[in-house]
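In what comes next, chain A is part of two complexes: it sits with chain B in the first one and with chain C in the second one.
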Partner chain A sequence: MVWPNRYSSLWHMIAAPVVWAVHFCAVYGGTALVCARMDAPGLARIGIAAASVVALGLIWWIGRRAWRQWDYASRANRTHGGPRAEDRREFLGHSAWLLAIVSAIGVIFVSLPALFIESCL
Partner chain B sequence: MKIGIALALTVVLASCEGRQSVLSPAGRDAEVLANLFWWMLGGAVVLWLFVNGLMLYFSRIRRKRHSLRVAQWFIFMCGVVLPTTVLAGLLIFALREMPQQREPGEGLTLRVTGESWWWRVEYWPDGADEPVTTANEIRLPAGSRSEIELAANGVIHSFWIPALGGKTDMIPGRVNRMSLEPTAPGTYRGQCAEFCGLSHAHMALEAVVMAPEEFERWLGAEARDARAPEGAEAKRGKQLFLSQGCGGCHTVRGTPATARVGPDLTHLGGRKSLAAGMLPMDRQSLVGWLSAPESIKPGVNMPGYDHLPPADLQALAAYLEGLT
Partner chain C sequence: MTDSSLHDPPRSAAELDERQPQGQWPPSEEMLAEPVPSDIQEASKERLRAAWKTPTGIRYLSAVNNSVIGKWYSLTAFGFMLAAGVLALLMRVQLAVPENDFLSSDRFNQFFTMHGSAMMFLFAVPMFEAISILLLPAMLGSRDMPFPRLSAYGYWCFLIGGVFVLGSVLFDAAPSSGWFMYPPLATEDEGVGSDIWLLGLSFIEIASIAAAVELIVGVIKCRPPGMRINLMPLYGWYVLVVGGMILFAFPPLIAGDLLFELERSLNWPFFDPERGGDPLLWQHLFWIFGHPEVYIIFLPSIAIASMVVPTAAGRPIVGYSWIVLSAVGTGFISFGLWVHHMFTTGLPAISLGFFSAASEAVVIPTGVQIFAFIATLMVGRVTVILPTLWIAGAVAIFTAGGLTGVMVALAPFDWQVHDTYFIVAHLHYTLFGGMVFPIIGGIYYFYPFITKKKMSERLGRWSFWVTFIGFNVCFLPMHLTGLLGMPRRVWTYPGDLGWDWLNMISTVGSFVIAAGILIFAWDLLRPKGRQTLTERNPWNAGTLEWSHDVPTEAWGARSVPFVTSRYPLWDQPEIVERMDAGRFYLGDAPEGRRETLITSAVDAIPQLVVRVTGPAWCTLVAAAFTGGAFILPTFGIYGPAIVCGVLAIATVIWWLWTATAIIPDKVMKDVGLGLTLPTYVSGPKAPGWWAIFITMLGDATAFAGLIFGVFFFWTARPDFPPDGAAHASAALTTTAGVLLAGTWLSTWFARGLHRAGHVTIARALLIAAPIMASGGAASLIGAVWFPGLQPATHAYPAMMCALVVWSVAHILCGAIMQGYCLARSLAGRMLPEFDADLWNTTLYWHFQGVSGIVTSLMIGLVPRVM
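Now for the complex of A and B:
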C-alpha cells in the first residue's frame, strides 16, 4: 500500500497508541455492557481475549513498519537530528517504534485482569 | 535535637499500632494490603537510593562523557525494561489477590447502610427471612468470610475498617458488596472515609471480631426483644422514653417504639460506644448526649433534651444503659 505522507505525517507515528485507546474503550465498554445486561463473565473474557489479540497483531504490524522506517540496522550513524527529509523519516520511525512498544504493554496491562478475575463482581 | 528526633519517631511509629491501623492487620484482606504496602515501600526505598546514587555517581564521581550507545542502552533498560517488569509484577500480585477479596461470604450477610451520621446494621444469617437490626457496631465471627452489602441513605459514605480490609464506597441508590475474613478476635475501629457532611469526622464504628461460638451466642441474644427495665429509676426512664417521643425516631423492640429514623436502641447498653464511636457507653455520656447531641455532633438529626430536669435525663440514661 502506498501512503503519500507516510514519512512526514504524525498520524503514522501515533497509530499504535490509537489502537491501544480503541482497545481500552472497547474492553471497558464491552465488559460493562456484557456484565450489566447479561451477567456473562465468560463471554466478556472471551471478548477481551479476542480484542487483545487483534490489537496486539495490529500493533505488531505497525511496529514492524516503524522499525523499517527508522532504518536502525543499516546505518553506522544512529542520530537523526538534522534538517533533512531522511532525518525526519527516521525520527518519525524511531518514535513510532517506541510508541508501539508502550502501546503493546498498555494493551497487555489493560487485559490482564481478565486473566485473573473470573466473575463480573 | 536527638531527643526531638527520637520523640518524633516514637509518635510516628506508635501511630502505626492500634485498632484502626492498616499496619496492624487482623484479617486476611488487611494482611494482603499491609504486605503489599511493605513491599512497595521497600521497593520505593531501593529505587530512591538507586536513582540518587546514580545522580551522585554521574554528576560528582565520574564526570566524563559517556558513549551514545551506553546512554541509549541505559535509558532502554532503566526506562523501559525495569519499570515494565516492576509494574507487571505488582499488577499481577494485586490481580491474583482480587478474586479472593470478592469471594462470596460463607453464610452470614451483613447489610450496612450509611446514614447521616451513623450506621444502620442488619444481620442476615444463612436462610433468615428477617434481619437482626442494630447500629453503629458490627460483629463478625473470626475465621470465616462474611458478606457485607453496603448501601447509603441520601448522601455518599465510605465503609472502612483498616484492620480488617480495604474500603468500599456506599452510594445512594445502589448496593455495593464486599467481604471480610477477620482472623484475630478483638475490637477494631472503622471510620467513614468519604466526606458526607458536617459530622463526617464524627462517624466512626466499632468492629468486634469474636470466636464463632461466641458470635452465635451474641447474635442469638441480639435477636431477642429488649430487656424490661430493672429498678425504679430505669422504669421511670422507660416511661419518659415513650412519653417524650423518642419512639418517634427510635426502635426498642418489645415496646411501642418502632420508628426507624434513628439508630435501633434495643440493645444499646451492650454496645462498646455511643453515637457512632464518639463517646464511651456509660451513664455520664448518655446524659451528655441526650441533653446536647449537637455539641457532640454538629448538624445531628436528633433534638437536644436539655429542657428536661436532670433527674429525668438520669432516668432515661439508666433505662438506656440497662438495654444490654
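Now for the complex of A and C:
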C-alpha cells in the first residue's frame, strides 16, 4: 500500500496550530484595524465570527484526516514506539489529532471575547 | 520535510547515479551480530582518537568539539547567573528595612535592570543552548553538532557580549531603565547604559539564533539511522520546538533593537509621539519576543524532566504523543500571549480579551505534560534518585507560579496587581520552578555523563532543601507585599505602610537561597581528582547518552548505532557492546578526518556522511571582530567599528572558503554494515542548506517585524503618513523592484545552468547578479534620498528609511554571496556536480528577492494607498 506523503510529514502534523495562529493574527489585526480606522465594533464581531467558523471548519477537516491516519481502532498498541513505518505514521496522526483538538479549543477561546464585549473601548 | 526510501529520484538528469546511497538498508540482524576482530577494533579506535583529539595547551582555546564548547558555555552562563544573583542580594539588602540608603536610587535601577537582563539573556536562554550543545549529540548517538565551528563562534560572541554588558555595572554605566527598556525612559536616558543594553544584547541574540539554527539542524538531520521521528528522545522534540520558537521570537526584538538604536544614535523618532512615533510599538516588539521567551526558558527545562522521569520510574514515558502535543502546542500558543504584559496600556478591551483567552488556553498543553509525568511515576517503580527531588520541587513551585499566572492572565485582576510585588512573586515562581530547579536537577542527573564523576548525594540534598525553603521564605510573602500595594522597582519605601516585616522576611529568604545555591556551586566545582570514576550508566537510564565512554573519549559515539526503540539501552540489549566494538556505522576514521552521519528528517534513513570541521582560531577571531563592530558604536566610535565589521566579514569568508563545501577526494564512502554513502550533497539533503533555510526564516520574521511596524503606525496614528509628506520616488522604487527581481532570477538560473554544465553562462549570470543587486540597493537609497525624506522629522520617513537600511544591508550581503560563488567557480572549488554554495546562495535569494520586492512596494506603493 502506498501512503500519501502527508503520512510522513511534520508540516502536516502542525497544520492545525498553524490555522490557530493565522486565525489569531487575523482576529487581532482585523479588530485593531476595524476599531482604529472605522470604529465599527459590530463589523469586527461579525468578522471574528466568520473567521472562527472558517478556522474551526479547517481544523475539523485536518483533525478528521489525522484521525484516519492515527488509525485508532485497528491496533492494540497505542504507544507508537515501534520501529516500523506504521508506528511513525500513527504517531504523526495521533499528535496531529491532539494538536487539532488543542487548536480548536484555542480558536473557541480566542473568539469568546467577541461574544461578550460589544465595543471598541 | 518528507522522505520514504533510501533512493530518491534524481532531481535533474545531471545528478549522478553513484551519488545515491547504495547497499544494505536497514542492516540485517546477522550483520549486526557479526563480531569485529579485536585488532581491527583497537586500530580503528586509535585512528578515531587521533581524529577527534582535543587540542592541548593554549590551543585548547581553539577547540570546537561540542563537549568542550558545551562545558565552557554552561559554566560561563552559570557564572553570569551567580553575578546576577549577587545583584539581587544587594537589592534585597537595600529593601530589608524602610528608608534604607545602602544603595542609591540610580545604582538600584542599574541593579534591577542588569539582574533581569542577565538572568534572561545571559543565563536562561544560553543555558538551554549550552546544555543542548553538550547533551544533544550524545542523545542522538551522533559524533558532534553539524556545525561545530558555529557553536564555537556563538560561544565566543556570548562570552564577549556578556562580559561587556554585565561588566558595565562595575563602571556605574549599566542600563537602568528595566530589562524591557521601555521608551521614552530608555530612549531619553543619558549616558551609554541603553546603548550597552541594545548593542550588547543584540550581539548575544545573534549568537542565540546561531545556536538555535545549529540545534534544529542537529535534531532534524543528525539522528542515528533508524531513529524515526516517533523514536526521538523527548529532549529532541523540545529542542526542535524551542529552536523554532527562538527563530520566531528573537527576530522581532532584533528589529525593535534596530529601530531603538536608530532613535538613540540618529534621532529617528519611532517611539517619540511628538514626531509621529509611538512608544507602544516597542512594547509590542519587545513582548512578541518576551512572552515566548518565558516558554523558551521553560520548555528546555521541562525537557530535562522528561529525561529524568522515565529513568526514575524505570519505564518508558506514558503518553509520548501527548508530550509532543504539549511541546508543540505550547510553542504555538505562547506567541498569542504577549499583550498580557500590556493590559494596562489602554488597548481596546476586546483585544485584551483575545490575549487573556489565549493565556488561559496555553494552560492546557502546559498542564498535559505535567500529568504525563505524574502518570509515568504512578505506573512505574520509582527509585527516588536525587535529581527526582529537584524535579519534584520544580513541579511544586512551578504549579504555584502557574496558578498565579492564571490569575494575572485575567485583565481585571491584572489591573489590580500590575507592577506590584505580586508579579515579582509570580514570575520568580514560574522561573525558579520552570527553569532553575529542573536545570539543577538535570545537572545532578547528567553530571556523571559530563565529567565521568558523581556529585555528592548528601550535599545535593542539603542544597535542595536549603534552596527550596529559602525560595519560599523569600517569594511567598511577596504575593502579600504586592497585594498590600508595594510597587516593583522602587529603591526604598516609607516605614508606615505595613510592608516592613514582609520585606525583611524576603531578604532573609534570599540569603537562604544564596546559601543553597552556593552549596550546589561548591559541589559542582570542588576538585574531584581523587574520586573514583562513575559507572557507565549510574541511573540505569534507557537513552543513548548513557552509552558514553568512561573514562572520557572525545569522539562522541564510538560508532553511530542503528536504533529501533525509544529507549535503546533498555530494549536493544546488545547495542552498547556493538557500539563499543565499532560494529555500527562510522566505526573507523581511515582518512583521519572528523565525520558524522546525516539522515533524513522524518525516518532517519542514512543520506550522507559529512566531514565536520576541527579546531580553529578563525571562530575566535571572527567573534572578536564581530564584538568590536557591536561594542565600539556604544561609545560613538564608528570608524574602527566599521573596520571591525569588515574584518569580521573577511574572517568569516576565509573560514567558509577554507573549510566548507570542500570537493571530496572520493564521492562515495563505505560507512560500514554494507552501506555506501555520498560524501557531498547539495540542496535540501545538505545540512548547510537547512541552516540557511532556518536562518532565513528567522530573518524573514525580523523583516515581518518591521512591516508590522508600518501597519502598526497606520492603525495607531492618524498622521501616518502625514498630510503632504514627501513619498519615496515611485520611479526609483520600481527600478529597485525590477533589479532585485533580476538579480534573484539570475542567481536562480545560474544554479540550474551550472548544474547542467553551462558553467560559462552561469558565471556570466553571477557577474551580472551582484551588479544588479548593487543597482537595486542604490535605487532604494535614491528613492528615499532624492525626494528628500527627512527621517529625523517624523516616524513616517524614519520607518521608510529603516526599511531601506534593512534591505540594503541584506542585498549587499547577498551580493557578497553571489561574488563568493563566482570566485569559488573560478578557483575550481565549485563544479557542476559540487555546487552546494550556489544552492545555498540561491536559497538566500529566494528569501531576499521576495523581501526586496516587498520593500519596494512598502516604500513606493503602500503609503500612497494609505
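Heads up, the rule we're going with is that the second predicted complex is superposed on the first by the 117 of 121 C-alpha atoms of A that agree within 3 Å, B and C clash if a C-alpha of one lies under 4 Å from a C-alpha of the other, contacts with A are read in each partner's own complex, and residues count from 1 in each chain.
The rule is simple: contacts are C-beta pairs under 8 Å (C-beta built on N, C-alpha and C of every residue); 3 or more make two chains touch, one makes a residue touch a chain.
Predicted model only: the values in this text are computed from it and were never measured.
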For this session: Identify the partner contact of A:121: answer first if only chain B is touched, second if only chain C is, both if each is, neither if none is.
Result: both
Exercise. So, A:106: does it touch chain B (first), chain C (second), both, or neither?
Worked result: second
Exercise. Looking at chain A, does chain C or chain B touch more of its residues?
Worked result: C
Exercise. Looking at chain A, which of its residues have contacts with both chain B and chain C?
Worked result: 79, 105, 109, 112-113, 116-117, 119, 121
Exercise. For chain C, which residues are in contact with chain A within the complex?
Worked result: 1-4, 226, 228-231, 316, 320-322, 324-325, 328-329, 332-333, 335-336, 348-354, 356-358, 360-361, 364-365, 563-566, 601-603, 711, 715-716
Problem set entry | Residues of chain A touching chain C in the complex | 5-6, 8-11, 13-14, 17-18, 20-21, 24, 27-29, 31-33, 35-37, 41, 44, 79-83, 85, 87-88, 91-92, 94-95, 98-99, 102-103, 105-106, 109-110, 112-114, 116-117, 119-121
Problem set entry | chain A to chain B touching residues, read off their complex | 78-79, 101, 105, 109, 112-113, 115-119, 121
Problem set entry | chain B residues within the chain A interface of the complex | 68, 72, 80, 84, 87-88, 91-92, 95-96, 98-99, 102, 177
